[in-house]
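Just below sit the structures, each encoded as structure tokens.
Next come two complexes, and both contain chain A; in the first it sits with chain B, in the second with chain C.
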Partner chain A sequence: MNIEAVMTAILSAALLSAVPLVLASTGEAIGERAGLLNLGTEGIMLVGAFSGFWVSLRTESLALGLLGGAAAGCLAGALFGIGCVVIGADQVLLGLGLTLAGGGLTAFLFRELFGSSQPLLPTSAGRPFNTLAEHLPVIGPGVFGQKWFFYVAWLIVFGAELVMRRTTFGLRIRAVGESPQAVDAVGISVTRTQCLAATIAGCLAGLGGAGLSVMELGFFQPNVTLGLGFIAIALAMLGRWTPWRIAVIAIMFGLLRGLGSGLQLTRWDVSPDLLQLLPYVGVIVALILTGKGLRMPSALGQTYAQRRRRRPATGSATQE
Partner chain B sequence: MVTLRQIRPLRLPQRFPAPALLDSFGAVLIALLCGALLLIVTGHDPVLAYREWVERAILRPAGWQETLVRATPLLFAGLAVLLAMRAGAWNIGIDGQVLTGALAAAIAADWFGGDHRVPLWIIAAVAGLVTGALWAIIPALLRGRYGINEIVTTIMFNYIAMFVTAWLVKGPLGDPDVVLPQTRLIPRDLRLITLGDTRVHIGLIMAIALVLVGGLFLNRTVAGFELTATGASPRAARHGQIPTGKYITGALIGSGAIAALAGVNDVLSTKGVFQGEWNPEYGLVAFALVFLGQRSIIGLFPAALFFGQLSYAADVMPRAAGIAPAFFPTIEGALLITLAVTVWIRHQRGKR
Partner chain C sequence: MKRCVSTVLMIVLLAFPSLHIAMAQADIDRVAIITPASRTNQAWDQQGVDNLTAAGEELGIDVEVAENAGYEDITPILQDLVDDGSDLLVCHASGYQTVCPEFAESSGVPVVVIENPGAVQEGLVADIETQAQEAAYLAGVLAGLETKTGTVAIVVTGEPPTWNYMTVGFAEGLHSVKPDAKLLYNSIGEGSYDDAAGAKRVTETVLAAGADIVFGQGDGAAWGMIQAIRDHNEQHADAPAKFIDVIGDKSDSEAKDFLLTSVLFDYTATYLQLIDDLEQGTFGSVVTMNVENNGVRLLEPEIDVSEENWAQVQETREKIVSGDITVSAIGDADGVHNRLKELFPDS
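Presenting the complex of A and B:
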């Protein structure tokens, strides 16, 4: 196999496989910026993957499937937000519960609905820029030869970056994760901001899951995400909760993973198990190199009990 | 400047949280009801299914014995999670520590075990303990020294453990006489002896003893108190001259060592061998178990029994009542969600 074909395959696989990851990770980052550590991302992705698959199969429309996955993710994310913020449940507990319940429920329903059969979705989605792809070697097929969802996903990530950085809403989300007291004091609802952030986070995770099952694979299997949700949590932290950094890291993660399978095609004799290590070791090395000064959002993981009637804070709380 | 509110008051966990454990009992009931509802929705008969469950998986000798057998590694894993949690750290790396510990135990038993039971067990356990601790050391130091979040690093180490152990048993450490990627089989008469005529083996007694020792350490010693204080309120602990970084590092390393014992237990009893694709995934269940036990030592015992039972039921019920094994993780998830929500119920009750 010639080197150009291998590089082309690695690049386009890396960019494609980065899509579910970058969506879920961006969602997780938005949630964590608002102070909500959602360990249920894996479960929400599975719920999105299953609902997306089921809706696509029923309606025979890939776009509706993706929407269905995103909607299911919204619902799960909203439940997580309400549970943490309104009810005051432990975030880690509720997150792990969502992961277990999401994984179990989707696997159970899949077996109930389809038994041991494995229905497949049509994989022919439009590739809008395919004409451009043929003119460029190596990067052409990877960057321009993808299905339309690929471009929509990157647009969403770009939009998330803009919203977080440039809008009042983004500012509120960031502020609520740093100091809910301050946000409460200026009269913005902490509850509403955090619930909205959790819903958006769930929506992106669900869309990521649906992207995986509907667009990338064309089928659903119990536990199809294979821990992608947990990797998304890691990447969110490694990317310091900024969508563009997360995007870069997710692509590098995908490249390292692709490099593993790519090297197997060459004559070089290395065990495939060891090559699969590359992306995970890469994350740890990157954390060691950059993580020392890493500052988490101050209120991450803490529940803030918003007062019903606002009154001046009493004595000890405000003394510096 | 530190505002006074930022220092959380030092509230230590209770030794025997009786009312909270009652909450757990209620949560189990609600989760089982959710399961019944799911069965109705999908067209099963919940009464029939649950009756079959009780009969096959609990009342029959194989049922309760297998429940105890499966509760044994869960006790080790639960104690590991609890130890780290008391110091305020999340050890999500149980899976990796179990895998590396189990492989080390299988190899050590094969190379240095000899022909006698007890020395073989001790050698395997020590090998497992050391390997588990070593596997936890990098995340532990990164967290304790530099404050790098242990959730991310331990998750990554799980994947690394999966691939490294798979590679080791396929290549350098595998049994050359067998096609399957696995270590050499430990003969049945060298494994952990069973109690009477049951399947239950003395690993269970060791697990119970270790959990009790862990309880004594956490609740009755100065080091245990300082470790708990570190987790309850790091800032207050630092003001009290407690070296919080050292305690977090130590707790994570200890947690890794104890988690590895779950793997050692399986290799020395039910498995007798380390196989390439084997991954029991105790990590998530161990977390669920600790929360079900309300983060107390005493609570670990009933919680381990319950999850051991679920694990066995997931194996029996597909054939007995045609219920997919995924039904049981669903119940576990519903249980955790219910547990999380009981905070609110408790709060409402307190208001009245």
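Presenting the complex of A and C:
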């Protein structure tokens, strides 16, 4: 057996399969930083996966498919934001509703549009750094042999990290999740900030779903995410709402998952079921090790009633 | 008076057993099938639904489908189907082995289960044995004759009896023509029938390990295996891999370019027989689908396979039908692992 080829396949698959998870989880982290717990990530990913697949199929363009998936995710995220921030619906109920609706709607549409056929998208996509892949064993093909979306996705995650850490907008999001009253008191709209955060979170979850259906798999099936949205929520917390931490954990999760498959090839006398537990055991161990001192955003899950403002006659104080 | 009438009835029934059987006969207007996943997955679930629909059309009876039922407690769904007037329930998953016979006992409505001969009960529970090991043996023979690298892989979405029978059958078939082959066996995860991403990842791993033929046993997940092979073949046009599917016929899909064959299941004749049994009052037996009755068979390859190799597969089929070749029927996971080690100790 070519051990190097197997290790390359495991690394390559782990990195690629981490992409939808990291995108959705980064989105969830942004939303949670703004105080919004969106349990509808799974549903939004499904909506993004279906939309991305459908657009790709119709336009024969993978890039347009990804954009379509992201746009559908934005819409679903905005609906979530409006529902719980403007209308004041319960975040948990609305999120679970989104998950159920996303799963049901996409399964229904898929059946209506495609019946019992299973269209497949082309698997060929540009691999911009393929020429660099040969120079390093295992890591070369694993890292540089990926499709272009892989690098775009990691750029987005890197960008999210910068925005959250280094920009005023990122600061506002974090502040809203910690103390909406304080943010409100200085005249920043909590409603607008939270709605925007929910929309961005939806865009990333939708893009993650589209990444799965368009780039990783090349097809859509009902419930194709298989709980990835819920893993993304757990990952956001495990990564302490920080994109780079989330990325590291997602890759480790993917590697442990791949390791399970790789170890089966060695005919190691252990039940395959036990080997498949590896990534989940890894998550539990990571939770135990890193869980100490884990502090959630103070206003996470709480509905904040925006103060009504009156234009002050002379000063700058706001009143109810 | 009432007591008198019932006593007379009892005497008549005891005296004329044939009349008793005649009273147990039933007119079937509607049958229902319950599947764990989508009826359009071009695999296990779809095959059951399509075949029961075909049987229903032939007999002129209604067929109701309850799909995507998963593996939780399906009792409420079964009750709904009965309330809607179903006279027979086909529980189309080995995961329903326990719940369906229990429901039959409590409701009195006959059910059909998969791979649970121990549950068979006269008038209430019939069992279908989809022991496709014989057809899988033929697939193994074809894989052994067609492999270029000498490495063949089996990828499964769990280890239910139906998959296990086929795994062993395939391995024995491969061993019969190429005992020095390398056989890679990889399970995606228990009950991961629709884990397409997992299937793609695992298939990529076995392809990287040198396999050029993948025998994939999955439902929706099979599409993940197909995409992995498509991807592989695009990047390795000089050494393309081939796929062997199970249950359905995907030869009109994108897989046609590398679909070596498929172990096809056809339940139509089985369902017709079971409905007839119910109407005749003889319901409650084990019905086995095998190569001889064409309940399971091998799809004729549409890609380039030498006539010599295909003829050898046909010869092997005749030997199985005549009893010259006996294929092991191993349904438990430990038994599968042990048999694989026996056959291919160096893999």
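Everything below uses one rule, namely that the second predicted complex is superposed on the first by the 309 of 320 C-alpha atoms of A that agree within 3 Å, B and C clash if a C-alpha of one lies under 4 Å from a C-alpha of the other, contacts with A are read in each partner's own complex, and residues count from 1 in each chain.
One rule holds in what follows: a contact is a pair of C-beta atoms (placed from the backbone, for glycine too) under 8 Å apart; a residue touches a chain by one contact, two chains touch by 3 or more.
Quantities reported herein were computed from a predicted structural model and do not represent experimental measurements.
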{"item": "Three-chain arrangement built on chain A, chain B and chain C clash or fit", "value": "clash"}
{"item": "Which superposed partner A:Arg111 touches (first chain B, second chain C, both, neither)", "value": "both"}
{"item": "Chain A residues touched by each partner, larger count belonging to chain B or chain C", "value": "B"}
{"item": "Which of chain B and chain C A:Thr8 touches, first, second, both or neither", "value": "second"}
{"item": "First, second, both or neither for A:Gly43, with chain B first and chain C second", "value": "first"}
{"item": "Partner chain in contact with A:Asp273 - chain B first, chain C second, else both or neither", "value": "both"}
{"item": "Which superposed partner A:Ser124 touches (first chain B, second chain C, both, neither)", "value": "second"}
{"item": "Which superposed partner A:Leu212 touches (first chain B, second chain C, both, neither)", "value": "second"}
{"item": "Contacts of A:Gly258 with chain B and chain C, given as first, second, both or neither", "value": "second"}
{"item": "Of the stretches 9-17, 45-53 or 63-71 belonging to chain B, the one that collides with chain C", "value": "63-71"}
{"item": "Touching both chain B and chain C, residues of chain A", "value": "107, 111, 222, 271, 273, 276"}
{"item": "Residues of chain B defined as touching chain A within the complex", "value": "1, 3-5, 38, 42, 90, 92, 138, 142, 146-149, 151-153, 155-157, 159-160, 163-164, 166-167, 170-171, 284, 287-288, 291, 324, 326-337, 339-341, 343-344, 347"}
{"item": "For the chain A and chain C complex, residues of the former touching the latter", "value": "1-2, 5-6, 8-10, 12-13, 17, 107, 111, 115-118, 120, 123-124, 212, 216-219, 221-224, 226, 257-258, 261-262, 264-265, 267, 271-273, 276"}
{"item": "Chain B-facing residues of chain A, complex", "value": "39, 43, 83, 87-90, 92-94, 96-112, 222, 227, 230-231, 233-234, 237-238, 271, 273-274, 276-277, 280-281, 283-284, 287-288, 291-292, 294, 296, 316-320"}
{"item": "Sites on chain C touched by chain A in the complex", "value": "38-42, 46, 68, 159, 182, 184-190, 194-198, 200-202, 204-210, 220, 223-224, 226-227, 230-231, 234, 253-254, 333, 341, 347"}
